[in-house]
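Presented sequentially are two complexes of subunit A, the first with subunit B as partner and the second with subunit C.
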Partner chain A sequence: MSIEQWIDFAKGPLFALTSMIMVLGLLRHIVIQVYELVAGKGRRLSAAPWRKILNEGLGWAIPIKQIMKGTPFFSSVSYLFHIGVIVVPVFLADHIVLWEKTLGFSLPSLPSGWADFLTIFTVACVLVLLGFRLFGDRQRAMSRLTDYVLLLLILLPFVTGFLASHSGMNPFPWETMMLVHLLSAELLFLVIPFTKLAHIVLFVFDRLSAVHWQLRPGAGDKVADALFGKEARV
Partner chain B sequence: MDAKQIAIGSSTRLPAVEKTPFYHIEKPVTENRGDHFLRAFAAVLEFTDYKALLDSYCTSSAKCNRCAVSCPVFMVSGDPRDIPCYRTNILLDIYKRYFTIGGAIKARLSNGFELTEEVIDDMLEVFYRCTACRRCTQSCPMGVDHGLVTRLGRYILSLIGIVPKALQVSVREQLEGETHNTSKVPKDALLDTLGFLSEELEDMVGVKMEFPVDKSNRDYVFFCAVSDYLMEPDTLMGNAAVLYAAGDWDKWTIGTTNYDGINYGLFYSDWHLENIVKQLLAEVTRLRGKNILIGECGHASRSAHDFVPVFGGPSAQPVVSFIEYTLRCLKEGRIKLDPNIITERVTYHDPCNIARSGWIVDQPREILKSFVPDYVEMTPKGQDNYCCGGGGGLVSIDEIHDYRMRIGGKVKAEQLEKTKADIVVAPCANCKKQLKELVEYYKLPCRVMGLHDLILRAIEIPGGKSPAERKEEAALLEM
Partner chain C sequence: MTDRTRPIKDIFWILALCGLVAGIFRMWFGLGATTNLTDAMPWGLWKVLNMVAGVALSTSGFTVGFLVYVLRLERFRPLMKPAILIAFLGYGCSMTALLFDIGLPHRFWHPILMWNEHSFLFEVFWCVLLYFTITFIEMLPNIFERLRAERLVRLLHAGTFGVVIVGISLSSLHHSSLGSLFLVTPLRLHALWYSSWLPWFFVLSAMGGGIMMIVLVRILYARWYDPEPVFGTQLEPGVPGPADLLSLPGVSRGYTSRDMPMLAGLASIGAGIMSCYAVLKVVDLVRLGSWNALLAGTWESWLYSAELILTAILPIILVAIPRTRRSPVGLGAAALSGAFGLALNRLDVGIFGYFRDAHTVYFPSLAEWALGIGVIAAAGLVFFFIVENTAVFDNNWRQRYLSRGVFHATFDRWSHVWFAVLMSGVHRVTLLAVFVLPLAWVFLYPAYHNEKPITVVQASVGMDNMRANLRIDGDRQGVLAEFAHAEHQQRLGGDSSCAACHHVSLPGDRSTPCSRCHSDMIFATKIFDHSFHTVAVAEKEHLAGLYPANHSCALCHGDGLPKTASTVKTCYECHRDDMWLVGRPDSAVSLMNAPSFRDAMHGTCITCHTREKERVGRPQLDECATCHRSLTARRLATASHAQDDNALGAVAFGERPVGASDSGSSH
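Right, the complex of A and B next:
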């Protein structure tokens, strides 16, 4: 196959396949969570403080207060990074064409100057976050290989996409760059449901601890019965 | 106090505390703790419904580390094991490795995580260095509830016999002992104490108040942390004074079968939590009481308020905290507090269990501001308040006193010092004990009191001596 054919393949069937895996993988998380909540908690769901949960959750949409507390620089970078990482891939003019072709609907696109700025900005954010992981004592203590790899994996489609659309800065043939761009993005699609990146849907369920404090009546007894039989257990 | 002594910053990093024993265990298991732990974990997963949350957490925990800077323990210790997310991830790693398919595959492919004896040792310690104050949860963008995970970790550990002896001995007495309370106060001693409180009150305010015991069909059945009967007479007399002044003296009672509001199950075990709640409910039902009135205590209030409906069902009696009750009386004009009595500077410490994990932040402030002219706030306060360092049952474990002073409570001590308050009001049996120890340890010029201790001084008692008279008498006595 010629490289053009590869690009077409990556844009067509491969794109459809990987995005489907991503969507199904994320759906799986949602289905499991909803099932466990409904089956496990049942009627106790209605006793949970939903309003409080909602208010607290929405409070994080524009988390100025939260950012100012504790780690303002890291948190602002992280927040802006999340904006970039959502806005750029979805609203880029070139991508909109792709959405139209595969999904059948169109979206307003980013003006190209903005797109460039946001891309560079997001890349810069990733680098800062990487820096925090590498050089911050606390973060390094917590981080494992995947935490670094995922950041790099996010970086890749941004950098390659930018270079592919700016021929003046691109030291490589456009086709190569484009192919790497497509494949790296698709790799990311595959990885999302199986790694911590799944928080793009699970963050909703993470916030439900107040629901989980509605313990199951009688469960403690059953656990104790299973482990010790009926004798004294204090 | 020497400010440097408790200055906080990276330069004051302390070495990790002496590792074992972090606390006394009654009958420590020595063999195959890992296997036992996994068996217990499996049983918990089977019968409870923590699984969904663990699934979500273990996939999505982003390890951003924002929690670290919010934790008063990590702030002082600087020990990475005290980073909330780090500790939470120990349990999540075990869950992932042994209870998810992905984890099992990963372990096959690489030298993944293994539950070794060292991991058990680690958990044994770190789950009891955390006070389960849940401050970090507020700073987590994902809302990961490290307090809940700590509690779950402790629960599973408790199922393999790893529990601080101090907690275990108390709940055993509470559930299976003759006295049915954590401090082993027998009924006779309770009655003696009530008699003594009654005499003291008569001396103080000039009115005889006979404590109502085992009365049926009352509006309120009263439960305080039973230790209050031994250690906090002023709080109890303050409670009594409010009930009397509000004209509710014949509307409440203390039961003699069960009079302990403490529920250590909130700190470490679903089984204990449920059974202690049920025991409390049984007493209220026996007396056909209409409401459960909980004295000044953070965890007692939360465990009743949150878990009576869970374990008692929708028809269970409503839970009222004494602070709410007093505020209502004040607002209805049924009690009067003399604003000229308290001349000291007063500050308020929010017990985590009723402020951050509860519903009581403004109520005590409203009461205090109504009669304390020199009231100051700590920063941060309310739901953002720092734990005293004795939360999650830690205060009851004497052998970690040193840890609670040097690490767990250091941030609080510094915060307290900054207010320059003469009195810190802490409406919680646990906070009071920890704060008193902190004040002594750091030599702070501050007194720790309950909310109702202060109210007792300023409340006007119908037909009794006025607060001003009482103040004069008290001053004479002190001379």
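Right, the complex of A and C next:
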């Protein structure tokens, strides 16, 4: 197959496959979370402190208070990184053409100058976060292999996409860069629902965890039994 | 105890989900895009496997009902509920598959109101519909028992006998009618299978096969859920059995478990019916003189023999030998062979027997396999659900319900923490669905897979040296259009008229044939070579840089714009000097994809002819026959035989168009 056929394959069947796995995988998380919230016996949703949950949840949308308390630099870089990581892939003009073609709706597009700035900014944020993980003692102790791999995996589509659209800086043929961009983004789609990146949807339910912990008396023993009971004794 | 059904359920879920996607695509894109059915082989997998074979394998409801309620053989009563469950699922299966198989699924209810009493299918439809309803009514007591609606259960039990009798009558009616359906194919069905006795064969084999099916399911149920009544107490080899084993009924006759004597008895009845069937089949061969076909050594004769051995001979032998009859595995093998042979027989009568006459081989498409098997798998899942939650085979569902596992605990070495993973059925099935649905989608989506029949188009042929008259026949199939080029040129205004039809030539060329770009008869073709242009433009413009070709994007797409087909400049903006643009300048805008040859030719001619027909006062100007004279002549010739071509031409057109003298030899 020629490289153009590979690009067609990555844009067609492979894109459909990976994006559907991502969407269904994330939907599955939502379904299961809602199911567990609603179906569990003895769980009283009405008794949950909804107002408090809502206040706290929305408070994190502009988390100035929370950031200033702890590690201001790290937290603000992480916060800004999230803005770039959401805005650029969704509102980039080249991607909006894809939305129009595959999904049938259009969105306002990001001016190209802004897109360039945000892309570079996001890449810089990833590098700073990576630096924190590598050189901060506490972060390093907590980090596992997947934490590094996922950061680099997020980096890859941003870098290749930037080079593909700014072909003057690109030392490789445009087709190659485009193919790597497509494949890396699709790999990211695949891992999102099955790694901690699933917090794309699960963050909502973290806020709702106050509901989760309304356990019945004696529930702790049952949990311990389920965890350690038979396996631990054998 | 480990859950033996878990892997089977997982596989069934995978198959059912694939079937779901195939069903969606069948409804979305239609039968033509998703199946391999043709006019020569219009009955495919869904009809024959799911409907004809599926219904045949679900006779258990009617045969066991006959044994228990009419012949009063009370020892088979424990199999009554399972038999009805199988009938319910089998008929549900075939009706679901048929819904997808009929051309206009939203009209499935038409036979209920619009009666065609001359049709066997009409009778089959009504019987299947009524019998499905009957099995559903017979299933209801189980469900009400589970819901603890005692009064309803008693009410239903009171009417059981009547319902069963109606069910038996309906069954015997439509099993023979299914055989009668194939009586209309004496010239098509292979001589080995075609017989006026087909209705009898269908009833007999369905009765025998249905019995084999219930025996098989009972043994499988025992293997999955509760081995002891069938497999006996499992003993280590060489260890003498416990004393209480001897007190079991049937032990004296060599049986070592509670239910085996009953199952062996039922299988013997099935084998008896099957031996009648086999004898009749042989008599029929002699009667019709089809022995030759059986001994001819064709693949049909081998298939016929294999089918007869599997349906009748092997089960009869296995049931006749005491050792295999008494062993659950041996009896299970006999039942499996009988059921499989029965299904094979229906496939032979419904599909394989027609290959020789149709001169073609039908192999179901991926979507057909997916939906056909998916429906069966879904029925299997319903079977597991009903069996586990109601008292069909035994009363153990409550116990099972309580002992279901919920948590999987795993120890994480990195963090030294126990992770508890909640893994109920919902979690497991949704996890499967996340992978299976997209994979099935990609593998079944017609546009990704339908192999395009590439029909390379060839240039039109001049019928004289001056190319004044052209014979346009892109795929050389003989469906040609004769085109009076010189006459059209003259009529449309001489040398300035080219642009009325032609639009553009390739760079550096003045007379590119239409077929050069419109190179496929049916499908649009990609004609723009992107990689070539990136390199060629960079060379021409003497671009420098890390990779020169990458600097050429902005020259065509514009700087700062999305690099897509919609932002690109037209070919003519660069190729102004070497590209001969015949038509309007905007006819060079979209030269990325060339429409198919057929669309290009039809579009050019018919558009103009439709416009002009009023003006010139010839209402037939835009009809097929105006250009495709040979096609019309051939059709008319086959319709009314032996008629003079030229006379036909005159009849069709009312006048003799240019070049008509040559068309006589074209068919």
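Some observations on this one:
Throughout what follows, the second predicted complex is superposed on the first by the 212 of 234 C-alpha atoms of A that agree within 3 Å, B and C clash if a C-alpha of one lies under 4 Å from a C-alpha of the other, contacts with A are read in each partner's own complex, and residues count from 1 in each chain.
The rule we apply is simple: a residue touches a chain if its C-beta (ideal position, glycine included) is under 8 Å from a C-beta of that chain, and two chains touch if they have at least 3 such contacts.
For clarity, every value in this text was computed on a predicted model and none was experimentally measured.
When the shared chain is aligned, subunit C comes close enough to touch A:13, but subunit B does not.
For subunit A, the partner with contacts to more residues, out of subunit B and subunit C, is B.
Contacts of A:141 after superposition: subunit B is touched, whereas subunit C is not reached. In the superposed model, A:206 lies in contact with subunit B only, and not with subunit C. In the superposition on chain A, A:70 makes contact with subunit B only, not with subunit C. When the two structures are aligned on the shared chain, A:112 is found in touch with subunit C, with no touch to subunit B. After overlaying the two complexes on the shared chain, residue contacts for A:28 are found with subunit C alone; subunit B is out of touch. According to the touch criterion, the shared surface of subunit A, contacted by subunit B in one complex and subunit C in the other, consists of residues 32, 36, 223, 226-227. Within the complex formed with subunit A, the residues of subunit C that make contact are 406-407, 409, 414-415, 418, 420, 422, 426-427, 430-431, 433-435, 437-439, 441-442, 445, 448, 530-531, 534, 545-547, 549-551, 553, 560-564, 566. Within the complex, the subunit A residues that touch subunit B are 29, 32-33, 36-37, 40-41, 44, 47, 56-57, 60, 63, 66, 69-71, 74-75, 78, 136-139, 141-143, 147, 194-196, 198-199, 202-203, 205-209, 212-224, 226-227, 232-234.
On the subunit A side of its complex with subunit C, the touching residues are 2-4, 12-13, 16-18, 20-21, 24-25, 28, 31-32, 35-36, 93-94, 96-97, 112, 144, 165, 167-175, 193, 223, 226-228, 231. The residues of subunit B lying in touch with subunit A in their complex are 39-40, 43-44, 46-53, 55-57, 59-66, 68-70, 80, 83, 85-86, 89, 102, 137, 139, 141-145, 148, 159, 168, 171-172, 175-176, 269-275, 306-307, 309-311, 384.
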